[in-house]
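Each structure below is given as structure tokens.
Shared between the two complexes below is subunit A, which pairs with subunit B and subunit C, respectively.
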Partner chain A sequence: MKTRRQFHKLVAVTAAGLAAPAIFGSKVFAQDKPIRVGASVSLTGPLASTKNGQIGYELWRDDVNAAGGLLDRKVELVIYDDQSSAANVPAIYSKLVDVDACDVLFSPYGANLSAPVMPFIKQRDLFMIGMFGLAGNDVAKHDKFFHSGPWGPNSGRDWARGFFDLAKAQGVKKIAIINADLEFSKNAAKGGAEVAKEYGMEVVFNQSYPPNTSDFSSMIRNINAGDPEAIFIASYPADSTAIIRGVKEIGISDKVKLFGGAMIGPQYGALLGSLGPELNGLVNSHTFVPEPTMQTPAIKSFFDRYTPIAVKQGVDPLGFYIPPFYYVAGQLAAAAITGSKSVDPAKMAAFLHANAVDTIAGKIAFNEIGDWKERRVLMVQLRGIKGNDLEQFRNPGHQVILDPPSLKTGDLAAPYNKARAS
Partner chain B sequence: MLSIDILLNAIVTGILLGSVYASLALGLGITFGILHIPNIAHPTLVVAGAFFVYTLTQWGLDPIVAAVIGLVPFYLLGVVLYAFYSAVFERKGGANVLQSLTLFFGLSLVIEILLSLGFGSELKSVSVSYIGSSLKIGILTVPYRLLIPALLAPVTIAAVWLYLSRTSSGTAIRAVAHEERALSIAGLNPASVKRHAFGIATATAVIAGAALIMVGPIEPFAGRFQIGRVFAIVVLAGMGSIPGSLVIAIIIGIAEALVSSYLNPSWSPGVAFAILLLGLALRPQGLFGAAR
Partner chain C sequence: MKKNSLLFLAGVIIVLALGFLMPWLLRNPFYFFAGYVVLQYVTIATGWNILGGYAGYINFGAAGFFGAGVYLSAFLFTTFGLPLPLCILAAAIVGAILGVLMGYLTLRIQGVYFAIATLGLVVVLETIVHNISGLGGASGMAVYGPRPPAWSPGPSQYNFTVMVVIAVASVALARWVEISWIGRGLRAVRASEDAAECSGVPTLRLKLVACALSGAVLAAAGAPYPFYTSFVEPVTAFSLIIGLNAIAMPLIGGTRTWVGPVIGALLLASVQQIATVTISSELNILFVGAVLIAFVAFAPGGISDLFGRNKGRARP
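For the complex of A and B:
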């Protein structure tokens, strides 16, 4: 049994221990309870190549905390691995909300993984920033959901409209469309077919294929038989490689002026490095490229810090496509919290609906379902690629912006075969 | 669109793809078809083989040379894996199929995670001069990217089959699955024979891995997409029929290519299983398997 003196000593030591951080800590936050931001990231599984986005989250968190936090509260990230499986997503977000008591949520990556969480977000009336989920809120129409990605309004149909604008300007009358049997690609292809119809183009070939198809020679021959002048492709990284190589092996008609559109993969260092010059001539969507019209001190500073971390972690050292927009997600959340002086979902959402936000990706304003009011998906043409050195992609001139006109840095080189050989 | 060039090219593509499938299924044909060990980790071992080949190609080696170099380490890996499997299950009263499945499922997860940690999650591919060009014969265009890996399968399968049918240790491997006790009476250690067979099966994974990474880029989880197809090939060929698996794989490859060309590529993943169901309905022991 302890004596009263021992008990007093124990109390004194405990009290001193509890008070120590407040007395000696270098960074003092007014309230103990941090603002918790919850997310799932695909750290493993087939989508693990998107995990470099987490560096964007962490850089944002560090910047915010270095500046004193939000509402004088420290910001904490709570991140779980969804293993690239949509089946894991509902449980993760239930835990983030009910157990971890997160104030703000970032969605999983992309439409496939985000879809399962939307009913939960809507039902519980939560605030969420969407991460690259194309048309992610078009069905739920939740008024507290905001996209960090630049898809723009009516994104299911219009996000790749830039490709069709370019095709229209080239006088394309016949177009072929192929897509992977996955949510994002199916949406892109469906929207593309609608825009093609709107522009009076005949879709001479429109076919989907299963994920992880490794040979496209039959499909390329069938496309050639349809004699199209443009080919719109919505694919994932492994299929993108197989398609690019298939075209080189089988050949494609000289009539084809535009080739690409919605191919996932040529935005990433892994494919840029492995395919190298085989990518010349491709016209494809992107979110950021280091062209003069996009370089700002803020985005340059972001990449100056991102690159060494990515190299150390063994993830994409370029990181143009995803990581800046993960940082943007944090900036949107920060703006909503500081602007509304609250972590109340309704107040935060009201602020973002009413105010444009300055981010490293530019000024962003939202419509009623959280789409960017202006589509800012880039259509870039890969050019002048020599060898497989990744560093060349940090220089302007290799990913020339053709669309949108406000960011344009060059004109389309066509036909595709000529641009491919250049 | 029915034109003779599309039809012939589809058939040739199907033969080449089928041959690559046969490479992937060869190791499983030994472990599952002959030893009756449900090694569902085999496709993941193939992916590990592909990463091994990828690593050596970074030093300038050709993928096929890299695969040949990998035969010994992968054989030893297989020997160690079987020793573990045997110690965990067989020496404790026989391997329960469900327990074995759980073990190999866990093993495939461990391999995937190790590959992720070691190589990252980005796609990896090999750059060789012949990848990206094609052999043109009349109206046929045959990509070397498919042709070279496709040639690996008949060579490897012939070598394995000759070994199993013409050598005494190969005969012992075929015998161990049928009558383990008789093998013991003949003075051979069944565990040692099985260990050797498992080593050979795992060694074939590095050859299949070379084929896989030549056909297209790979990532640590690529094996998951092959499990169904390789099991269908082994079962439909008839358990233990190694040459039969080449025939079945080519039939599946041609069927997939024709479905892709003339119907819809989205239906092609179902082709292997449709053929499997049809084949097993007609011949439950598999098309080339002996009735037991």
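For the complex of A and C:
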């Protein structure tokens, strides 16, 4: 039988044992708890071609975790499929925040899917990295939102300004603008018309066409009748193909010096492979190309790992346009967390506003609404394409950077017909 | 008042009370985001069933009415600052007018031809919106809703409560149609339109009433949507998914009574919401397809009919 003193000791030891996890364990558990990064990706639906971005997220997560995590905590991705529908976005982000307790959010792809989440993050004062939403924060002006895409300030109007800078340098006075009647292309055409006006260019032809248009012969004839010296096209993949093939069939005036601008499609392996040499001469926007001014060991390492995964998953094997910037989004989040030594949205945002961040896409500094301080949208000219082999696009010289001047790797080959024939 | 009506009234009061109290009892906003979508589909399925179920006219144009409600509400709020209840009322009135117009143009054709004509309505309305810059065209339109009233703890909870009220009102309307002379007339139309016409049933007038009521409910379902997403764009507002769900939910639940669409929508929309954040959406769509095929093949009358029949069999 135990004495009263022994009994008291036993009670004290038991109580201390029971209380120990609560006293010491909470800190240990908090450190063990992973940092959760939440995102929605369009795995299905019309924007499913952007799902290769998820590989960028996953490579970043693996790299960070292999290096010991952030603030000694592992990084965990929580990703849901928004089915390319804005209607699904509010519930998904509420789930990410209110149920999954994510510390950092990545936005859905593009402006239309990101728009529903902007009031939500502003009301809740959350930290978010935006994924390719053109002018995504221009309305909300949330101070904890940062773009991973290189659109730059005033992107609604200026993101394709490089095309007009090139046209101006070529002495272009008359320009034609056509666009698909859809969100991105309509904004691009509207911004393009404003920049053309600013540069004193006459817009001789400005027409939008319904989505799913497949025959552009009459439009190309009408453009030719306007006698422009440059043609700015804002199109989606299917129409980009139809326009390129229409030009091959109908022909275009020898006066045209620049052709392209904001065509979605020639950035992706599928279209580069299917159109091949027909793309020669095209001047188009891009975010990354394997030219000497952009190649770094870091981005080369990224693509060395991206390609086998993409091939295995059956997505774009080149992946130049989107995936690197999904990796960049992770790097921005990592810099904000480690720089501020916190997952507090205000501290992370303050760090990114105050510091430039080194990423695989270069050094990035942000303005007050989270745009890159400097626009870094590329205008590239496709050249020397022979056959339909995709591997040639991994080599320099086929997507020559004309703009911005800091990354330039060649001069414009003009007129378009001559460049096309070469 | 009959016993069934009293029970229905009690159910309405309980659901409304829950709609107002839940936001204060349940703190996690996610349930209100998800609940909003489920209730939206309860309203859509109920609205669709007034014409598609009671009268047997398969309407593929539900997304057209829904989108019209979405855009009217967004326009009225951003341009004139109208409060949400007035936006909903305006959407219901315009939906009813649109329903009557569609009815005049299409109700003289039947079966698959009627279905195709209603599908055309969606394309026409979407194209119109695409080309009106005042509605944002293809770029869409940001709608930053007002602060929620003091009786609601937050925007998502307020939208949820509003949708509870709309859903309850829609179900009450559908039940009234079902048990009134309109419902009897519409059932006669569904059984045999020619026989009904010969018996003195004013078939065209009844179908127009059904079109108007159905259109009003579908458009009212769309009115709070801009405040839910804070952004509207034509592709989502006129999405074919809305039209397909509007048909699938009553077919699974049962088209003959007001209960069927409610059960179908609660079941299918809840599964879709859960599947979106658990399993992949491909499996989600596969599940919906499999359930639809199973019901069409084995229980064409839907869940409500299945249980009704079993109950009937059990009786001596």
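Criterion: the second predicted complex is superposed on the first by the 392 of 422 C-alpha atoms of A that agree within 3 Å, B and C clash if a C-alpha of one lies under 4 Å from a C-alpha of the other, contacts with A are read in each partner's own complex, and residues count from 1 in each chain.
Criterion: contacts are C-beta pairs under 8 Å (C-beta built on N, C-alpha and C of every residue); 3 or more make two chains touch, one makes a residue touch a chain.
Note that this is a predicted model, so its numbers are computed, not measured.
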item: First, second, both or neither for A:A196, with subunit B first and subunit C second; value: neither
item: Comparison of subunit B and subunit C by subunit A residues contacted; value: B
item: First (subunit B), second (subunit C), both or neither touched by A:A167; value: neither
item: Touched partner set for A:T44, first subunit B, second subunit C, both or neither; value: both
item: Subunit B versus subunit C as contact partner of A:L282, first or second or both or neither; value: neither
item: Contacts of A:T241 with subunit B and subunit C, given as first, second, both or neither; value: first
item: Partner chain in contact with A:L407 - subunit B first, subunit C second, else both or neither; value: neither
item: Partner chain in contact with A:S214 - subunit B first, subunit C second, else both or neither; value: first
item: First (subunit B), second (subunit C), both or neither touched by A:D181; value: both
item: Footprint overlap on subunit A, comparing subunit B with subunit C; value: 44, 46, 181, 210
item: Of all residues in subunit C, those that touch subunit A in their complex; value: 28-30, 33-34, 36-37, 127, 130-131, 137-140, 142, 144-145, 155-156, 225, 228-231, 233, 235-236, 239, 241, 273, 276-277, 280-282, 285
item: Residues on subunit A engaged by subunit B in the complex (per definition of touch); value: 44-46, 48-49, 51, 84, 181, 207-215, 217-219, 221-222, 225-226, 237-238, 241-242, 245-246, 248-251, 265, 268-271, 274, 278, 314-316, 388
item: Subunit B residues within the subunit A interface of the complex; value: 1, 3, 5-6, 9-10, 13, 17, 112-113, 116, 120-125, 127, 131-134, 141, 143-146, 215-222, 225, 257, 260-261, 264-266, 268-269
item: Sites on subunit A touched by subunit C in the complex; value: 43-44, 46, 80-81, 83, 85-92, 94-95, 97-99, 111-112, 115-116, 118-120, 123, 139, 181-183, 186-187, 210
